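Each of the next two complexes has chain A plus one more chain, namely chain B in the first and chain C in the second.
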Partner chain A sequence: MEKKQPLLSVRNLRTYFYTEDGVVKAVDGVDFDVYEGETLGIVGESGSGKSVTSLAIMRLLDPKGRIEEGSQIIFNGKNLLELSEDEMRKIRGNDIAMIFQEPMVALNPVFTIGEQIMEAILLHQDVDKKTARQMAIEMLRKVGIPEPEKRVDEYPHELSGGMRQRAMIAMALSCRPKLLIADEPTTALDVTIQAQILELMKELQQEYGMAIILITHDVGVIAENADRVVVMYGGKVMETTDVKTLFKKPKHPYTWGLLNSIPRLDVEQERLYSIPGMVPDPLHFPPGCRFSNRCDFKEERCIIEMPELVEVEPGHYSRCFFYHKLEEAQKILKAGEGA
Partner chain B sequence: MSEGVTTTKMNTEFRRVLRKIFRNPSAVLGFSLLIFFILVAIFAPVIAKPLNPMMLDEEGKPMKLDNPYIMPIITWSSEPVPPSREHPFGMIQGRDIFYGVVWGTRTAFYIGLTVTILSTIFGIIIGSIAGYYGGWIDEILMRITDTFMSIPFLLAAMVLTTILGNGLDKVMIAMTVFGWMGAARLIRANILQVKEEQFVLAAKALGVKDFFIIIRHILPNTIFPVLIQASMRMGSLVITAAGLSFLGLGAPLGYADWGSMLNFTRNWILGTSGSAFTYWYAVFYPGMAMVLFVLAWNLVGDALRDVFDPRLK
Partner chain C sequence: MMENRQAVTQTNNSPAKSEREVLLRIDNLVKHFPIRAGVFKRIVAWVKAVDGVSFEVYKGETVGLVGESGCGKTTVGMTLLRLYEPTSGRIIVEGEDTTHYFLPAWKAKKYVRKTYIERFKESGFVPKDDIDKKYYDIFTKKGEKGLIEYLTGDLQAKRLAFRREIQIVFQDPYSSLNPRMRIKNILAEGPLTHKMITKEQVIDTVGKALQEVGIHPTHMYRFPHEFSGGQRQRIGIARALLMNPKLIIADEAVAALDVSIRSQVINLMMDLQKEHDLTYLFISHDLSLIKYISSRVVVMYLGKVVETATKKELFDEPLHPYTKALMSAIPVPNPEYKKQRIILQGDVPSPVNPPSGCPFHPRCPVAKPICSKEKPELREVKPEHFVACHFPGSL
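What follows is the complex of A and B.
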């Protein structure tokens, strides 16, 4: 792998929420890099800390959540956590933009979509209103909204869900950010619309050369759109590698469980696999591996000791003591399938 | 061309609002009454000429009043005089009730609008800051609000007016000082709800400043309930001001104000022995003006709520 300077590197990111019941360690020591022009998928169940990670990068956590000392979010050589609120505001929307899960509620109902796109343009670019409006129309055309000259004056409730998500993307990309954080961008949409939106994001990514962090719980979306994948569980990175390796040779029991719970047509399945048990309560994580209570391969050690994220193969990291046991199990299974 | 598009949009929206209003009879009544009062207030100098028939100039014509809001004394009769052709509402304390009711409309608007606007603006500022920033700022501002709310309104207004000295402006100050809490609480509650909306987070993610997030993204989504509440409060404020005037704290003696006119009736309210309604006109006309004024604002408030409630759209 070539040694490029990453666009964004997150180091030891810890985000704790101080609630009345105790400290919720929503993100607990997360490291990853995003390189220019690539798509990094972050996958995990709800409560795994993937959304909190994205909000922490934008520094938009609600006041109860705190990014702990020692965390680093280096973007373009600058540690975002050391910037003042004013400097951070200049980065938001301009260098890093974000799109959200629910296009229904992520647009302000009392303004036209044109006004909302123009707001972003006027904030970060030195143009007058007329130019901004022209740019907004251009942007709407770019995201595939028909009749943008007309649509620019419509209110969000006059657009369909897919159109709204396109408008959302137009808004986020209006200032040509270097990094786009897409938090479950297609979860609320129909499957056919989902594919269109993801395709659109891919096209725009190539055109603008921006990096995307794609956050989702949908392993299928990851498989089709991500270059590299971070698998999160219980506020920690469980495994990270490029997407092909992850799907072919997962090195963590949790990833394997996730992959097995996708329906497959090539194998006869009576029932879909589901990972037994529940996500541990973030207030009371087990002292050892966070996945230990649901893991088929656990041993005494897993319950007492937290495994480190180790490089099991070049560029492939896993947080498991017994990943080789997983390999054997996979071999046996493969043999079984072959028979 | 874009201007044109926006204008037609505004027009359809405006027409939708109008249609909604005209479909509802009580809304029509409310708006008609309000328009009636507005016309009376505007044309007060025409309807009741500010002239003093007791003071004649060299040509023998009645002299103009220095301050039209001070009702001229036109008869020396100490008893109320029943309605007649020249004085259709009758006279009390030597003053023409018709004149007082007409010019009192201006006073009512003046008091109502000033106090409502000032207290609503103040409430919106306090409520927005408390709701948006939350935490200890919210805690402090809301406890102050609670403290103000815990004091009975009429009592507080009376005490403050007495401290400041009598007069209409003092009454208005007192009513503003003790009248902003409802708006503050309402706007805070709405902001707490709206600020969790994703479009607020989306705006923050675009790098919009806090001030503009409140002004552009939060207030337009929360302001209508407050405006509706304010329009309802208009009426009740006029009643309170009248109450204070009745108690002798508000407008000076003889001021064209519905409340102080009722103050004149204190000795005559019971009528004469055997016939309780002898002096009915003294209470009826100023009282009726007040009732209709309050009714108008309440109906208008209701109508606005119906029109702007997004769930009823």
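What follows is the complex of A and C.
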């Protein structure tokens, strides 16, 4: 693979929340790259730090959260963390846009859909109101909202969940961003609507050539939509590689456990694997590897020492000392399935 | 061939057809909610949440009730438990009509007269089903009064028994446990009320129940907020289990949990089923989960059952276009898995004004003119495979 210049590089991102109970290390040293036109999936459970990572990129953290010294978010050659608030505002919505899980919360209930889309257009582009309105209608048509001339004057509550998410996408894409961050964009939707929205995002990505960071807990959504995947757990990247390799040959016990613990339509399953224990409390991560207290493959070293994210195969990074143990486990599992 | 089929159903721990015992039968269940408006709160419309649903649950099996939001699957569960009174239809548990159990005595009597006695008195009456036969027998032997006494006598005791026999595990583990009560008291409340245990037995019983769901017995003195979501759901399961129920309704019981915790709870529920010979009605929107856990599946759309079959039948050969579309919409965690993707247009219509004819016809890729005019009935197209579609298998 040729070495391309990444559109976005996140390096050693650490985001801590200073609460009364102590410091919550929500994101603790995260590195990844996003290339032009690709979809990077970030998968993780609650508390893994996936949403905080996206908010940190947009610099939209609430005041308790702080991006620590030494973190870098380089977008198009500029470190976003060094920009002033004014400069950042020019990037937000224009170069990097975001869509959220709950469109009803993310949309302003007292403005019409049209007004909200026009706000973004007027802020970033040198056009008059009339043109902006025309552009808003065009965008709504593009995202598949029927009768956009009428819908443009409707309020968010007048639209269904799927339509609201379409309106959000219209707003996010109105300035043709280079990067779209989609944080659980379909979690609140029914599966048939989810399929519509994901299909729409793919179409628009091809048309606009933008990169997408798709954040979700749904491994299935990742498998069908991402090109490369980052698996997060306890504020750290546990594994990252291209989507096919990840699902075929995971090199981290957490990924392996996750993939084997979901019910699937495509294969018969006798019994699901389950990862023992609980999702760790970010105030009390275990010392050593953060997954060590739930890992079926741990050894003494894991409890004492935090493994580094190392390249185990070309382009395949894993944060585990004993990733090779997985191959044997996989064989045993396969044999079990065959029997 | 027949042997084969039996073997398949048995591995899904559902007994063969001949020896199966019907635990629950829902017969043409209807639940409409009024929409009120104006100063006088007049009824302006009806939400037809459940509109003629029938299915059976056999002893020891898991029936998966699946559908998207607004299809009425939760309302079916709630009406079953009589947390809502049904608008019409019958809920039959172990061969007894329980529909009138939670009505005031005079209404219960009225129900019995209307549902059974009036029909029995008609000339040329022919019993429709087992229940009819059984009650007609009582009617001929003991007369009208005798049947009314049989069905409505001692309603209080019948209510208590019903409440004990059918338990529910709710979706949200955060709002379904009283935050002011210790786990011990939450779990002991039911058995004490039903006089299943004495006060002295509480600690012992609760401890055992907690152990069974994988929580340390000493944690019974804690409050709900001290537990994680998965643990709370385990406590909810223990609460249901303590009543020694015949049927457990699990309404999206694992939907709120993280992926890694979800499989723990699912496996726990399946283990408990084997151990205690439990029967589950598993309500969920997640078809992959339903495939894993159920032995038979009921698919609902807009208040109606569109398809019902054994798991193998349904997933091997779905016949209703909606079932097929639903399956194709589910993201499969395998990037190399190629499938035919059917993307449905539009949203689920409102249950206030459901479309004429087949409720699915506005979104159906293979709809024909007849679909908008005539309501398809649920009919058996293959043994134990029921579909409500004019053109089953055409997609």
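As a convention for this text, the second predicted complex is superposed on the first by the 332 of 339 C-alpha atoms of A that agree within 3 Å, B and C clash if a C-alpha of one lies under 4 Å from a C-alpha of the other, contacts with A are read in each partner's own complex, and residues count from 1 in each chain.
Convention: a residue touches a chain if its C-beta (ideal position, glycine included) is under 8 Å from a C-beta of that chain, and two chains touch if they have at least 3 such contacts.
None of these values were measured; they are calculated from a predicted model.
J.: Will chain C clash with chain B on chain A after the two structures are superposed, or do they fit?
T.: Overlaying the two structures gives chain B and chain C room side by side.
J.: On the A-aligned overlay, A:D31 touches which partner chain: chain B = first, chain C = second, or both, or neither?
T.: Touch partners of A:D31: none, neither chain B nor chain C.
J.: Should A:F247 be classified as contacting the first partner (chain B), the second (chain C), both, or neither?
T.: Touch status of A:F247: second partner only.
J.: Tell me which touches more residues of chain A here: chain C or chain B.
T.: Of chain B and chain C, C contacts more residues of chain A.
J.: For A:M98, using the defined touch cut-off, is the partner it touches chain B, chain C, both, or neither? Pick first, second, both or neither.
T.: First partner only.
J.: Applying the document's definition of touch, where does A:A223 land relative to chain B and chain C: first, second, both, or neither?
T.: The second partner, chain C, only.
J.: Write the angle, vertex at the C-alpha centre of chain A, between the C-alpha centres of chain B and chain C, to the nearest 10 degrees.
T.: 80
J.: Thinking of the overlay built on chain A, is A:I262 touched by chain B (first), by chain C (second), by both, or by neither?
T.: The second partner, chain C, only.
J.: Touching A:Q194 in the superposition: chain B (first), chain C (second), both, neither?
T.: In the superposed model, A:Q194 contacts chain C only, not chain B.
J.: Identify the partner contact of A:R133: answer first if only chain B is touched, second if only chain C is, both if each is, neither if none is.
T.: After superposition on chain A, A:R133 lies in contact with chain B alone.
J.: Enter the shortest inter-chain Cα distance between chain B and chain C once the structures share a common frame, rounded to whole Å.
T.: Shortest inter-chain C-alpha distance (chain B to chain C): 7 Å.
J.: Which residues, counting only chain A, touch chain C once they are in their complex?
T.: Going by the criterion above, the answer is residues 45-46, 160, 162-163, 190-196, 198-199, 217-225, 243-244, 247-248, 257-259, 261-266, 269, 271-276, 278-279, 294.
J.: Could you please specify the touching residues of chain A with respect to chain B in the complex?
T.: Interface residues on chain A, with respect to chain B: 58, 60, 63, 89-94, 97-98, 100-102, 105-111, 119-120, 123-124, 133, 150, 153, 168, 171-172.
J.: Which residues of chain B touch chain A once you look at their complex with the stated criterion?
T.: Going by the criterion above, the answer is residues 2, 5-6, 9, 134-135, 197-199, 201-209, 216-217, 220-221, 310.
J.: Mind listing the chain C positions that touch chain A in their complex?
T.: Per the stated touch rule, the residues are 68-69, 228, 230-231, 258-264, 266-267, 270, 285-289, 291-293, 315, 325-337, 339, 341, 343-345, 347-348.
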